[in-house]
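Okay, so chain A shows up in both of these, paired with chain B first and chain C after.
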Partner chain A sequence: MRLASRLLRAVVSLWLIVTFVFLALRLTGDPIVATLNPDDMTRDMMESYRKLWGFEGTVGEQYMVYVTNVLRGNFGKSILNGRDAFEVVLERLPATLQLIGSAALVMVLIGVPVGTLAALKAGSKWDAAIMSFSTLGFAIPNFFFGLLLILVFSVTLHWLPTGGTGTIWHLLMPVVTIGVAKAAVFTRFVRSAMLDALKLQCVTSAKARGLSGARVLIRHVFPNALVPLATILPLLVGGMISAAAVVEAVFAWPGIGRLIVESVAQRNLAIVQVIIMLVAAVMIVTNLLVDLIYSWLDPRAAAAAAN
Partner chain B sequence: MYAVMTAGWRATKKMPLSVKIALVWLLLCLSLVGFAAWLPIPEKNTLNLMARLLPPVGWGGGLDHLLGTDELGRDILARLISSMRTSLLLALCATMISAALGTTLGILAAHFGGWVDELVVGAIDAQASLPFIIVTLTITAFFGSSLMLFLIILGLYGWERFARLSRAMTLASRGRGYVLAMQTLGFSWWRIYLRHVLPNIASALLVTATINFPETILLETSLSFLGLGIQPPNTSLGNMVGFGRNYLLTGWWMCVVPGVTIFLCTLAVSVIGDWARSVISRH
Partner chain C sequence: MLAPTATPESPVCIVDRLTVEVIDGLARKTVVEDVSFEIAKGDYFALVGESGSGKSVTCHTLMNLLPFPAAVYGRIIVDGQKVLSLKPRELRQFRQKSVGIVFQDPMAALNPVRTIGSQMFETLRMHHPKAGREELRELALAALRSVHIAQPEARLNAYPHQLSGGLNQRVMIAFALLGNPPLLIADEPTTALDMSVQAEILDLIDEMRAQRGLSVLMVTHDLGIVGDRATHIAVMKSGRVVERGVTREVLAAPAEEYTRALFEAASVNHELKERPAQSYGDVCLSFDKVCKQFKTTGGKSKSEVVVAADNVTFSVKQGEIVALVGESGSGKTTAAKMAMGLVKPDSGQVTVNAAREITTQDVGVQIVFQHPKDSLDPLMRVKDQLHEVLMVHGEKDPTVRATQIRATLRDVGLSEEILDRRPSYLSGGEAQRVVIARALLLKPRLLIADEPLSAVDVCLQKQILDCFKSLREKRGIAILLITHDLRIVFDIADRVVVMKSGHVVEDVGVAHFSSEDRDAYTRKLIRAIPGRKLPAAPASPTVAALNVSGAVA
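Take a look at the complex of A and B:
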């Protein structure tokens, strides 16, 4: 029952996004002029496209055609080369997933141990130093951090390629740029989640029963810290997508982030609308997942919400 | 007034060193921006092809151009000051817009409740879950780039934080004695909110602004870096880094100088914000 209502909400959110994109496209003026280059084609060609994409008749009719097309995966064609916009975006997906996936790994590998250390030694010099580094990592702009890495490791030391793709060495700098920046944020969340979990009665009682420190940490502290950490998953996914848009441009990484930046500069609206809908879909699914994970991790909260 | 000043003075004495340094840096930036016209530095658009790509002082440069020159021989310090003005002013205006918008919506949601509340809370959730830079890029693609639109977009960033906070605090204040007293005396709601509730939540809103402000700088400079924010001939710290990027080999300072400036400005505001939050939570 709860799952059904969640699914319904996700579908409604998706439908709202599609409607927003449709309205925004209508507000830009003639969508045919906006998505195609009118200098390159005759009036007849534009009329045939108008018919093909359903930009005829009243706004209501156009909306119906638009929604049907979206449901069929037909988002129009790239103005650059006339290729199917959805295909162009799908092609770029693996590169971005590789980048974000590796960066997420770096984030977790740094964030979990470092955040745990800060929480266990709360108030100490270790804690203060870790929090200071976290503030530094938050304040440095992604694009500048990336350029500094290029300056040091490519321009000065000639160790790594400045950009592009192909080998694992190409992946290294973009992954570090995103992973370290996100680790700075994630460490803070891990620290505060761990601090809250350390205060729980079950942890005190486990210690009192004489369980070893490591056992208390793994069996009692970590599982409880997972609950608040799960709720920030959408925030992290959104942050990764934002960072990818900027960092892919810095390192000429052939993913979706660079595609959207290029497409915006060219005003290639067919591509841009596919990407915004894809990102929205990813965020909606992530939120749905978090709801499910949350009720699985913490049945008490789920029961409270159901009542 | 006197009490406020002495309290302020006592607070500066207890300030950690990092906060003092952050304040000094921000004051330096603001005075550079404010007094740029009277400083003995070249005009920012003066070309000097005889003095192209000069390094900063300390890396072989002369005192004529403290932070070096760019590929057209323009003084980087002069361009930096002009860019700082753009970036700081934009972030300040945008933060004020988002604070005003968010606080108003939050108070309205708390006051009216019902479907108004649900609508505002829904909008807060939607805004919080979308990666804002992607939304910004989409709006720019649809409507083109202009300074006014850019400011409005930046102003829409982060309003949900202010809304969430003011909604929660307004709801909490309703049961408080002073609000009940005011209600009993027959004051109008808007007067109670404006004159009594708002001053009570002002410090928390200010701390939220110190989180929003650096993030707005990062958003603006990122977009300007990508060439989709502030456009030439206007300069922002972000598009300076963007242009400097093409000269990493021959003039690294062209991108490092503005980059470090962004970093120090966001860092300074974050450090001050962290400290202010800890002071407020102690009270």
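Take a look at the complex of A and C:
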């Protein structure tokens, strides 16, 4: 029952996003005029293109056609080469997943231990140093940090390729760019979640029973700290996706981030729509997932939700 | 079980000139100063004091468990071991075997995201490293049974929030005794519990003490508990022990003013006279066959019906103080909410000041909440909060508002200098009286007070009660006092309404409240009041009591 109503809400959200994107893209100018130069073409040619790409009739009519097509699994064609838009996006997806997945790994591997250390040594010089680096980490824009890496490791040292894909060496700099920036944010979240968990009475109580420090940390502090961390998961996923758009452009990484930047420039609406829908779907699924994870991590939340 | 270095004669716990300073950057603040006491084997030692007097810090120091950076001076020997000089590994051993601790809030002391069983196995594994799964399970079940927990198998798979406060506290006691320690520290173990549950938990601690020859260090502010159970007492104030000795002697002649205040709060006056009926006015609140149910969807599909009110009928007259008594879950707070118009009854009629339709804008009823500091805005000065109330209700002239505020402050016994303070600079008693003043500004005919004393220090409780009494005398106001502390009832109420699972089981004048022909449930509640063994009235301080006060030689 609860799951069904959540799924329904997810579908409605998705539909609202599709509608918004569709209208926004069409209300910001005639795509045919923007793509093709009207001075070079006859009115008939324009109209035939209009028909070809589905820009016939009023926006309302176009919308009806579009929604019917989407429901049939037809997401339109790329105006660049006439290929199925969904296929074009799908092709680029693995590269982005690889980038974001590796960056997430870097984020967790840095964020968890460093954030924990900062919490355990709260108020000390260690804490102050970690927090300063963290501020620096998320104050530096991604594109700047990426270019800096290229300047040092590619241009000056000639150790790493400036861009493209293929080997693990290609992956290194884009992953570090996103991973380090997100780790800076994540470290702060881990630190504050750990600080709150460390103050819990049950942690004192566990120590009073004579449990070792490591055991108290792993079995009593961490499980409680995970609860607030789970809630920021959608925020992090969203941040990763937007970071990917910038970093893919800097490192010529062939993922959907670069694809959407190019497609917007080309007013390749079918592609833009598919990508935005995909990102929206990912965000909605992440939120659903967080709800489930949350009740699994904190049995009190499950009980409260049941009431 | 005695530690190797301890002989049967040597005390289980020796605290010698203990001083604790909290380190905050470069600043140091002394929270415990020159405290000394000894607890012999089998002693029931009560450490008494108001919040902030250093009694909890002392307990935590006994286990080297201070939650903040601190400098500790002096000597602590527990179970033959010098606690302050133990190495980390020895300290863990010490905490496992030599001392167990029970905290105030049992729900918070257990990890909320893990089952009772999982936390229990984890602790048992330290004591029995070679035991297998089945063996650990048996040990855990035995531990739960020893503290009289029914259905121990089911409890192992339960999370703390699924158990009642009393059950959780039993679990905590089981945890504390897993290593068979000679000393049990109980840090206000029943403050968060209902009074009849409190009696059960204290009985359990007594039983464990008798069974195992346990020494108990009980931290409390309730002299009733101390008088009934403790063999020795030490009273702390501002980090120092101001009075100490054998319970009987100290209570017979308390030397310190603070001890006497505690004593007064703990004594029950059963000799009561009924006020004449004509001293009351018209009925200002009446419940007539009121029913209210709540549906909870517990788990997947099974929905549970909670009966908060079942045919509830009672009334409060002008000038009358009626105590609404019951344990948590008995429906007393729901009744208060219905009187405020915050909850609508399913059937029946709630009438306030002869109005059948209650709205939350009705200024004839005002409420005073349990936590005074939570019901004041921490960022606003008292003056502004009081003006705001009158402003919202249409009084535009600031001088008229100021006059009314001054008059109300006088009624609750506060001086005007508190007007410029913010809530953090008020004591608990002052804050609660500001809340009462705020409620009184609108000249209500009925004041509902929901556990108004449970967050207030004992010394200040009397101020609040006196304030209620004088309001009744001066303004003829009616008060519905919701409480689980029956001692307050005897002190202030004219009539008592006892609720149990949504039913009114008793509605009687206070003079007849403690007579033997009352309802069985009422008698159980009255029996649970601690302080049976307190002397009738504290005598004036004598030389004998003064001898044991202050620092020891």
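Quick note on the criterion: the second predicted complex is superposed on the first by the 268 of 307 C-alpha atoms of A that agree within 3 Å, B and C clash if a C-alpha of one lies under 4 Å from a C-alpha of the other, contacts with A are read in each partner's own complex, and residues count from 1 in each chain.
Assume a contact is a pair of C-beta atoms (placed from the backbone, for glycine too) under 8 Å apart; a residue touches a chain by one contact, two chains touch by 3 or more.
The structure displayed is predicted, hence computed values, not measured ones.
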Chain A superposed: clash or fit between chain B and chain C? clash
Tell me the contact category for A:Arg219 with respect to chain B and chain C: first, second, both or neither. second
Which holds for A:Arg43: it touches chain B only (first), chain C only (second), both, or neither? neither
Of the partners chain B and chain C, which touch A:Lys125 in the superposed model: first, second, both, neither? neither
Is it chain B or chain C that touches the larger share of residues in chain A? B
Return first, second, both or neither, reflecting whether A:Ala24 touches chain B, chain C, both chains, or no partner chain. first
So, does A:Ala245 touch the first partner chain B, the second partner chain C, both, or neither? first
Could you say whether A:Pro299 touches chain B, chain C, both of them, or neither, answering first, second, both or neither? second
Have a look at where A:Leu151 lands relative to chain B and chain C in the superposition and call it first, second, both or neither. first
Any idea which chain A residues touch chain B in the complex? 13, 21, 24-25, 27-28, 34, 135-136, 138-144, 147-148, 150-151, 155, 234-235, 238-239, 241-242, 245-246, 249-250, 260-261, 263-265, 267-269, 272-273, 275-276, 279-280, 283-284, 286-287
With touch defined as at the start, can you tell me which chain C residues reach chain A in the complex? 63, 65, 67, 88, 92-97, 100-101, 103, 105, 108-114, 119, 122-123, 126, 159, 161-162, 172, 175, 178-179, 296-299, 301
Can you check the complex and tell me which residues of chain A touch chain C? 1, 199-202, 204-213, 215, 219-220, 223-224, 227, 297-300, 303, 306-307
Seen from chain B, its contact residues with chain A in the complex are 126, 128-135, 137-144, 214, 218, 221-222, 225-228, 238, 241, 245, 248-249, 252, 255-256, 259-260, 262-263, 266-267, 270-271, 274
